[in-house]
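Both complexes shown next keep chain A, but they swap its partner, so chain B is in the first and chain C is in the second.
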Partner chain A sequence: MLLEVQNLSMRFGGVLALRQVSFDVDWGSITAIIGPNGAGKTTAFNCITGFYKAQQGNVLFSPPNRPTMDISRMLGQPFSWSDWVQPRQALSKLGYQLFGGPHMICRAGIARTFQNVRLFKEMTVLENLLVAQHQQLNRYFIGGMFHTKAFRNEEEMAINRAMDWLQFFGLAQDANRPAGQLPYGHQRRVEIARSLCTDPVILCLDEPAAGLNPHETKDLSQLIRRMRSDFNLTILLIEHDIGLVMELSDHIVVLDHGEVIARGAPAEIQQNPKVVEAYLG
Partner chain B sequence: MIVGMAPEIVVQQAINGLVLGATYGLIAVGYTMVYGIIGMINFAHGEIYMVSAYLTAIFIATFQFFGLAYLPALLAAVLAATVLITALYGWFVERIAYRPLRQSTRLAPLITAIGVSLILQSYVRLSQGARSQGIPSLLQGSFTLNIGPHGGMIHITHVQFFIIVIAFLSMALLTFLMLKTPMGRACRATEQDLVMASLLGIPTDRAISTVFVIGAAMAAVAGVLVSLNYGSFDFHIGFITGIKAFTAAVLGGIGSLPGAMLGGLILGLAESFFSGFVNSDYKDVFAFSLLVLVLIFRPSGLLGQPQVAKV
Partner chain C sequence: MRRLLLQPLLTATLILIATTPISGLVLQGYSFSFHWQSPLFLAAAAFVLHLGLILGRIWSRNQFRPVAALRLQKGAWATGPEWRRAMSLLLPAIGLALPFFLDKYGLTVAILALIYVLLALGLNIVVGLAGLLDMGFVAFYAVGAYGYALGHHYLGLGFWTALPMAALLAAGCGLLLGFPVLRMHGDYLAIVTLGFGEIIRLILNNWMDFTGGPNGVQVDFPTFMGLEFSRRAKEGGVPIHEFLGIAYSSNIRNIFIYLVLFLVVLLVLALVTRLKYMPLGRTWEALREDEIACRSLGINHVVVKLSAFAMGAMIGGVGGVFFAASQGFVNPTSFTFFESALVLAIVVLGGLGSIPGVVIAAIVLTILPELLRDFSGYRILVFGLAMVAMMIWRPQGLIRPQRRIFLTGRH
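Now for the complex of A and B:
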């Protein structure tokens, strides 16, 4: 299992947005989360990617060849009484409180996109992709200040890597345009390219096909397949376009009113009476 | 420009204004960058500048005591040491007074900023005394240029020349750092969308610290230069200079880096021309009236972008 979501709960005021949500994501799979509006899909997504801190439950992330990580712990947990008897736990909590945060989750290998595109609009497309490579770059301020050779080489490598991704997404001609000026469909692809620049293990796409025309949607589904086959990426996506979900995904998780009502392969989900009821009733 | 003035006086005032404006610009950078990244006005920034003036005196005395007599080396060492220590002050202030309040209301860090400003003032007054202090004038002499048909003369002191050169070099270096290095990119990304930046793996807390450190370093450059020029300072010079630099930042469009530099220069030139040609007692009135006028016609400042409500 690459990602194990265990008993995730999240409450906003009086609304229980997630109630004991559990599901798994296999390494190398395309997993889709579907459900009616307000079912808690985006909330679950936000908890997994470190955008929200889950109030209860764990998200365990075990990338290949690395130890298992607990997402909610990386965001910084408050101290509790049991820390007195477990000083190691207290120390790790202190460490994460001081240096933890959503950036650690990105470094662990989870990348995401947003439903409403969130590019750095005043930067060029290329700069957007370079920002995402921040963690892999030589960030020494002195090197930048004196423009050393090592610094320049590294900068050039980052630009090449960014251009490779732009080529993959067919955006190379837009590299030096301000990101905010691109057409919407292109901005979506830039956002996916940018999250790939963080070198993720799992890519979380929040409604990637929203606002795209049928032709663009078709291209997108091909791109998603290619990302998985060419780069060994695991993909987790939220999508309303059921046709796209059924065509793409290996595994589907259905949420309704903050609860998981069904899990399984597309064929099983289509025949599940609970799912039919949730969508029609 | 006032008609009938001798050209050499106009040029002389322009140079004086440029010198003044360059230091305003250096300090304004700190206000504008901090506002850009976390949307707060760092009222303790003027005090950081004041601390750097004291550090200048301390380092000049220390280095001279240890026998560093060669003037360029002394100036470089003083500049480097002051910038370093003042940058540490900037880092500490952010870490202690602002970061713990990051998640609270917008007003809370504003109040702690005022608190920090009072603490720094009292700390300097207690440790250094309330009387004004001075440093020896290290750079003496001036260039004299003949201009105009009547053989009018203008004087540029060596200190003024030094100020203009160093100020513009540091602005250029800062612009380069912000535009071309990963560090600057991370700061700009954090400024535009903090949450997205952190989801892309940028340690945003560190980016915010970096901005405070850069702001303090630029204020320290200004502190060294102004101290070399005037030679005397006391524990509350930070207030009025801070307000002026803040005005410069607002004038140029708060949040915009070139705006802060431009605002500083315009404010310095305006003050200098006004005090040269009209009345030096009312120069502050003129400077602030200019601010009011600009804000009436361009509420977001000269180079600032109008705020678009985010949905």
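Now for the complex of A and C:
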């Protein structure tokens, strides 16, 4: 399993947004989370990508050739009495509390997009993609100041890498336009391209087809498939377009009122009476 | 090769013709003697300088060709690359020559304008690039100025030691301010930074034993390689006018401060321009656009914010050192909220994030009140009207910040 979500619970004040949610994401699969509005899909997503700290439960991420990581630990956990006995654990907690956060999750290999597109609107499309490569780039201050050869080579490599992704998404001609000026469908694709520039293992798409016309949706589903086949990406997505979900995904998780009501292959889900009642109608 | 040498030779000849009557002939009473060495030396220097310029240009051309060539979009500032290049050589030359044509008052205003250019460039990093609304920027200016003044008073630091020390001290204060405001945005951040600015001023005002309170601190005037700028040097030193063999003038000190300040401004301009196109500068702008998206891309917003605060504060601190050096005296009344507001107005009017815009706005907004001295009663009114007019006709600021255009074709 690449990603294991175990008994995740999340409470906002009196509202229990997630109740003991568990599901797995296989390496190389396309997994979809569906459910009616307010079912807790985006909350689950935010817990996985580190934007929320779940009150209970674990999210274990085991990328190939690397040790398993616990995402809730990387966000910084509160200290407890047992830390007095285990100073090493206390130290690691302190480290994560000081330097942890969502950026650590991204560096571990989980990239995400947002439901309402969050581009750097005043910056050009290419600059958006360059910002995403920040971790891989030469950040030596002196090198940049004096435009050393190493710095220029890295910048050029970053530009080329960004252009590769833009070409993949058919956006190469928009590279120098301010991202905010692009049509909505293109902005969505820029956002996906940008998150891919962080070199992720798993890509989490939050309603990638929202606001797209049927033609664009079809293109998108092809792109998602190609991302998996050409780049060995695992994809986790939230989507309302049932047609797209059924066509794309290998595995579906259905949420309702913060609980998982069904898990399985698309064909099973379509037959499941609970799902039909709660969501498909 | 011939063309390489031809132009420098021409320059050298011209220099020789032009300087022979001036520096070659020395009057001695009614007769004059001919010193042939000095014009030849000047000509040789010009020759070497010009050759160096040409070689540098060739070298830089070779250096930059293989990079995915970068060019700037046509816009308000750049009407063409040649025009731009000419300006980038001409403006520093004018700036360097300027102090020799100004009287004492003019020099004071020019120094003040350059100090505001520094402050505006510093605040431009925090507000314009990183999008953190800082209303207490004057605090760092005060830290720089008092860093030099108190450093001299207690530790006997000279100008040249105080310059980097005060810059680092201000950067440290930037970090200090940065930590508690990491989670804040917009209005809340503005209020906290406003408070920080006032705290620094109130400490300076009330800590009588250490800072001298409202009485201020006397600052030693800077020296240059041990040469002093006073009429008579202290304890066996040599005043610079005796060393150079020219008549004493109280302007010499201001000219010196102006020249050093001008070079520092050029340095900071180069720094800021480069930074804008480095990964660090890009993340500052990304942070301004969308902090959450930044985090989703693996960028640690803490580092980005603190670096913006520290860098901006450092430049502000350098401005403060020059302020102290040019005034010879600092007291807390120079560091009121009005200064913060003025610098912020400069950055906003110049165009948030636009470096040439901010420089022009800083110069205009320091010189304009001086020109309006005759209507001193209405000065602030005219000032306000100018701002309102700007906001109506150019809400983006004098010069819109321009995005860098990448030539993306494969080569």
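As a convention for this text, the second predicted complex is superposed on the first by the 279 of 281 C-alpha atoms of A that agree within 3 Å, B and C clash if a C-alpha of one lies under 4 Å from a C-alpha of the other, contacts with A are read in each partner's own complex, and residues count from 1 in each chain.
In this text, contacts are C-beta pairs under 8 Å (C-beta built on N, C-alpha and C of every residue); 3 or more make two chains touch, one makes a residue touch a chain.
In this text, all values refer to a predicted model and were calculated from it rather than measured experimentally.
Clash or fit: how do chain B and chain C relate after the overlay on chain A?
Superposition check on chain A flags a clash between chain B and chain C.
Touch check for A:A90: first (chain B), second (chain C), both, or neither?
Once the two structures are laid over each other on A, A:A90 reaches no partner at all.
With the two structures laid over each other on chain A, which partner does A:M246 touch: chain B (first), chain C (second), both, or neither?
Neither partner.
Examine A:M69 and indicate which partner it touches, taking first as chain B and second as chain C; both and neither are also allowed.
Neither chain B nor chain C is touched by A:M69.
Chain A residues in contact: does chain B have more, or chain C?
Here the partner covering more residues of chain A is C.
Which holds for A:R118: it touches chain B only (first), chain C only (second), both, or neither?
In the superposed model, A:R118 contacts both chain B and chain C.
One more residue to check, A:I159. First (chain B), second (chain C), both or neither?
In the superposed model, A:I159 contacts chain C only, not chain B.
Between chain B and chain C, whom does A:R194 touch in the aligned arrangement: first, second, both, or neither?
both
Once the structures are superposed on A, label A:A172 by its partner contacts, choosing first (chain B), second (chain C), both or neither.
second
Which chain A residues lie in the overlap of the chain B contact set and the chain C contact set?
In chain A, positions 49, 51, 99, 101-103, 106-107, 111-112, 114, 118, 120-123, 127, 130-132, 134-135, 137-139, 141, 144-145, 155, 194-195, 198 sit in both the chain B and chain C interfaces.
For the complex, give me every residue of chain A touching chain B.
Answer in residue numbers: 49-51, 99, 101-103, 105-107, 111-112, 114, 118, 120-123, 127, 130-135, 137-139, 141, 144-145, 151, 155, 158, 194-195, 198.
Give the list of chain C residues in touch with chain A in this complex.
My answer: residues 63, 66-68, 271, 274-275, 278-280, 282-283, 285-286, 288-290, 292-302, 403-406, 408, 410.
Of all residues in chain B, which touch chain A in the complex?
Residues of chain B touching chain A: 173, 177, 180-186, 188-189, 192-193, 195-205.
Enumerate the contact residues on chain A facing chain C in the complex.
49, 51, 99, 101-104, 106-107, 111-112, 114, 118-124, 126-128, 130-132, 134-135, 137-139, 141, 144-145, 147, 152, 155-156, 159-160, 163, 172, 175-176, 178, 194-195, 197-198
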